[in-house]
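Presented sequentially are two complexes of chain A, the first with chain B as partner and the second with chain C.
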Partner chain A sequence: MSNNNKTGVLGKILIILVLLYLYAPIFVLMLLSFNESRYNSLPFAFTLDWYRDLAEDRALMEAAKNSMVLALITGIICVILGTMFILGQRYLARRTEGIFNSIVMMPMSIPWLIMGLSSLLMIRQLGFEKNMIFVALGHIVISLPYSLLVLRARISSLDKSLEEMSASLGAGPLTTFRRITLPALAPAMIAGGFLSFMISFDNFPISYFLMPSGYSTLPIEIQLSIKFGFTPEINALSTVIIGFSLVVLAIVGLIMRSNIKSLVGGDN
Partner chain B sequence: MARVNLKNITKVYGSNTVVDHINLDVEDGSLVSILGPSGCGKTTTLRMIAGFEIPDDGEVLFDDQPVGRVPVNKRNIGMVFQSYALFPHMTVAQNVAYGLEQHGVPKSEIPGRVMDALERVHMAEYAQRKPKQLSGGQQQRVALARALVIRPSVMLLDECLSALDKKLRVEMQSELRRLLEESKVTTFFVTHDQEEAMTLSDRIVVMHDGIIEQTGTPREVYESPRNRFVADFLGKADFFEGKLVSAGNGIVTIATENSELTLTGSTTAAPGEDVLFAVRPEHVIMNPAVGAETPVGALRGKINHIIYSGNVISSIVDCGGMMVRTEATGGSLSREPQRGEEVILSWEPDYLIQLEK
Partner chain C sequence: MIKDRRTIMTWPAMLTLLLFALFPLVIMFYTSFISDATGEFSMANYAKFFSNLTYIKVTGTSILISLCVTLVSLVIAYPLAYIMAKKLKGLKNIILVLVIIPFFTNQLVRVYSWLIFLQDGGILNRLFMTFGLAENGLGILYTKAAVIIGLTHAFFPYMVVTIFMALERLDDAMLEASRSLGASKTTTFMKVIFPLSMPGVISGVTIVFIPCLGSFVEPRILGGTGGLTIGNIIEDQFFEIYGWNFGAAIAFLLLAMVLICMGGLNSAGKRWQV
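Moving on, here comes the complex of A and B:
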């Protein structure tokens, strides 16, 4: 018993240390976004000035909008492509399936820096100007594997007999897809889309290489502002982003939970 | 409500012939079990009737019409899978309504027919539940209601009771039979459980390695199995194999590898032919051996071990190296058999079954 208690206490301390390690920097950043000092120095004095400045900063807001639009497009396209891919994959022979898999998952194992650089070189070689479409394409390539991972986990646990049952009850392939397959995949589509959204929203290297001049995304803007005079505005912005992510995560979590509950047997 | 004919249907996967030129004629409204061990091709046969698999050769006919080009959703079949495959995101009522919607039943009629179907399986009060809130037996009932509500011409049940525990399974068997007889629907059960096949169906089709070994009523298949596989798969059997020496006066003499056996019974084989006989263990009468004399046609041996399973006591008797199984219902024995005891085994002449070699 006492031995168990000891390991229990040790375990708790360890967990607290890990949590501190993971989240202390974020916590400090959030705290400093409410601090009056321009140079992030103490003592702490509460203010909302930086949030006001942020709202008035046209460049930063424009970059935020760009990032948001880009991430949304990436997320949506990744979900559509990913869903089509895993559905099509079910009709492939095992070997072909493996080959397709490796090709699509490859970008996960190539550093983004190299992906960005090589994409830039290719665009130049082909004689194109940099534009937002290429940025979006780049983001889709690197974000797709993440959507796929989530979707694949779901489809492999999806009972094929559900679709067969639907057919036996008189439903054509389209109805079966709409009323049986899609609802079963929905939670994974939401989660996968969210993951791809975050990957894109967060991405610096691809955007950095491919972004046409005059445009910017948040990661690029933040990088620039660190170079040319950091203001706690960035802290405020980061805090807003974190808050936004947490809200989205919570919503996704709720949707997933209710869906998983109805899909998996669970508590009977 | 259709007559079903399988004509020479065959399914090949790679170099593996899973179903090998099967012929089967099933009367309108009859209950047929396709029984066999796993891998015998029974599920593939069922899936070809359903239309999930297309035969590589041969034809499936519903009421003399070939259905080879008819897709699953146009065949008007009712299916129940082992996993039930209830749609998890729909309520019980929505699950049952689904097939009616697909069949273009007017919206105003659907709720009434759904409730009727649920009442027939005693699930009406669960109409608004989600499948995961139901027990296995309840899910089974909903799956049945969902299949029956569309008034299918053919019902196909794939190991549909296997997931239930023994007691519930037995309860469901009789209920299932009542429901199917009421609906007068032609039904195929696929099962590996001989007891299920016997209680549920009018006819049993025994499959093995892609071919049909025997077709008949449960009684025919059990009492007159055609060959060793059928005798062994349905129930238990003691086998006696050898060359026929002589037959007559209710006694058959065969020469086995190392001895001559006299068995009570008769045969159509001629002396010199290789023969195979079987006796059901419950037909073997075991008596204590008195004196050194062994009656003609009986076997003498020593009880090797005894298996007590409540209602049945099985004794494995060592008859000169050959193990013979006997079974007696618990109450029917005047005294408990003892291990090592000398016994005489005998049976009525009709119980010796001659099998195809």
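Moving on, here comes the complex of A and C:
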């Protein structure tokens, strides 16, 4: 049909424009990280200087370490809490399940700005000082819903009767868990863990409110340098972060395969 | 009914959420009634908010920006999702992944890249000047438009996914039936396709509009003074002015706004459910 052809061309143009919009600024940023000029000006002259500066920047390396540690802790704890929740949830009465569910998923629909500042208010009200444990708890609370989404997509395919059968055949609860439940859930646990790792690693609002003075994470360092004048070192840092995120996302994608949609469409 | 002991496994997650997500909100609500100046329990913070025209205006700006972002996202996302779901065969999953990836790039990196991209003397500026489209710089950066561009970039991929999933579920046989019963393409779209995709549209709108209302990073970095939002007012209370309890009151108003919008969109979504 000729009509179909026309929409085909328009469709292609739309797709190209959207992809340009999505990727152009990021590509330009990555390109500029290899450019000699301090003021991001052209003509382009290749250099790796900004990456060398980056590697030698003590404050940034310290921030990178903090980001990593926080994200690792968040990832691990979210997997543990999430797996336990998802396993126990199946035995709840229907109404309780609904209530529990809306409470654990709540941070997904509340702006992180509010999550961050309310935690800060609580810390002050109870007379505590800001410390890294509260930052980690803040990250865990907002990341948990995402790992639950991934885990839930997987557990619906795990038949409860399989575990019951294993138990009735004389396997103890631990054996059943190790031999039946764990292997079935493992891919979702890994994917969910990486996902919460990523959310923590990228998080700015929570860290911004709760970070004790003298500590920082990479997003906080980027915000500071935007505020107080930046050098192309930040371009280099951004490029490294993007590369790192892509690797993690690729791992999640490979594990979840066709299930990438379940990362986004929680209520569908 | 006997309580199943295996439900104990849900407690650690529940306890964490109750203590570190729900309880802080209760504290926020409580402190919002304590005056920063006198420490007394009163409605002073709320009165202060509603009696100052600046705050009302900024709230208006926030709503306006969020509405624009939602509208722009819808206008881009719907046709894109439609083409992906109905016209493309093998390519659609690749494009879906390409659309989702930027969503998972660091928020600060994303905003920073727009700062570099839009700035006068930046790449886009040069491009426009070469083609004679802009003579004295773009002048986009530090305006509401820049905030809208940045926020749309952040959130519209979500909308593509929700609409795409709604459209993909749509049975092609239904469209053929409509066609063979004599409905034109436009009628088929208006009477069959669009109503059936409404749940996807509504969850897309929810997923874009609500985080926009609470955004503060994009407006701060890209918006200049004219593009500041309610999020920035709250942020300032905590980092510049030290009116924490006043900040708590504004945050509670923001939360109320979010909850009302969510309730409204939710019930609208239920009406369209098949």
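Please note the rule applied: the second predicted complex is superposed on the first by the 246 of 268 C-alpha atoms of A that agree within 3 Å, B and C clash if a C-alpha of one lies under 4 Å from a C-alpha of the other, contacts with A are read in each partner's own complex, and residues count from 1 in each chain.
As a working rule, contacts are C-beta pairs under 8 Å (C-beta built on N, C-alpha and C of every residue); 3 or more make two chains touch, one makes a residue touch a chain.
Keep in mind the model is a prediction, meaning the values are calculated, not measured.
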*Now for A:169: first (chain B), second (chain C), both, or neither, which partner does it touch?*
first
Check your understanding: Between chain B (first) and chain C (second), which does A:128 come into contact with in this model arrangement: first, second, both, or neither?
Key -> neither
Next on the checklist: Just to be sure I read the superposition right, which of the two partners does A:161 touch: chain B = first, chain C = second, or both, or neither?
Outcome noted: first
- Task: Return first, second, both or neither, reflecting whether A:44 touches chain B, chain C, both chains, or no partner chain.
- Result: neither
Check whether A:87 is in contact with chain B, with chain C, with both or with neither, and answer first, second, both or neither.
second
Comparing chain B and chain C in the superposed model, the one touching more of chain A is C
Looking at the overlay, what does A:246 touch: chain B (first), chain C (second), both, or neither?
second
A:184 in the overlay: touching chain B, chain C, both, or neither? Say first, second, both or neither. first
First, second, both or neither for A:111, with chain B first and chain C second:
second
Check: chain A residues flagged as touching chain B and also chain C 261, 263-265, 267-268
Within their complex, chain C touches chain A through residues 1, 4, 6-14, 16-18, 20-25, 27-28, 30-31, 76, 79-80, 83, 87-88, 95-102, 104-117, 121-123, 126, 153, 157-158, 161-162, 165-166, 199-200, 203, 210-211, 213-217, 221, 231, 234-235, 238, 244, 247-248, 251, 254-255, 258, 262
Chain A residues touching chain C in their complex are 7-8, 11, 14-15, 18-19, 21-26, 28-29, 32, 40-42, 80-82, 84-85, 87-89, 91-93, 96, 100, 103-104, 106-107, 109-115, 117-122, 124-125, 137-138, 140-141, 144, 198, 201-202, 204-205, 209, 218-219, 222-223, 226, 230, 234-235, 238, 241-242, 245-246, 249, 253, 260-261, 263-265, 267-268
Listed in rising order, chain A residues that touch chain B in their complex are 159, 161-162, 164-172, 175, 179-180, 183-184, 259, 261-268
Chain B residues touching chain A in their complex are 50, 52, 71-79, 81, 83, 85, 87-89, 98-99, 102-103, 130, 132-135, 146-147, 150, 156
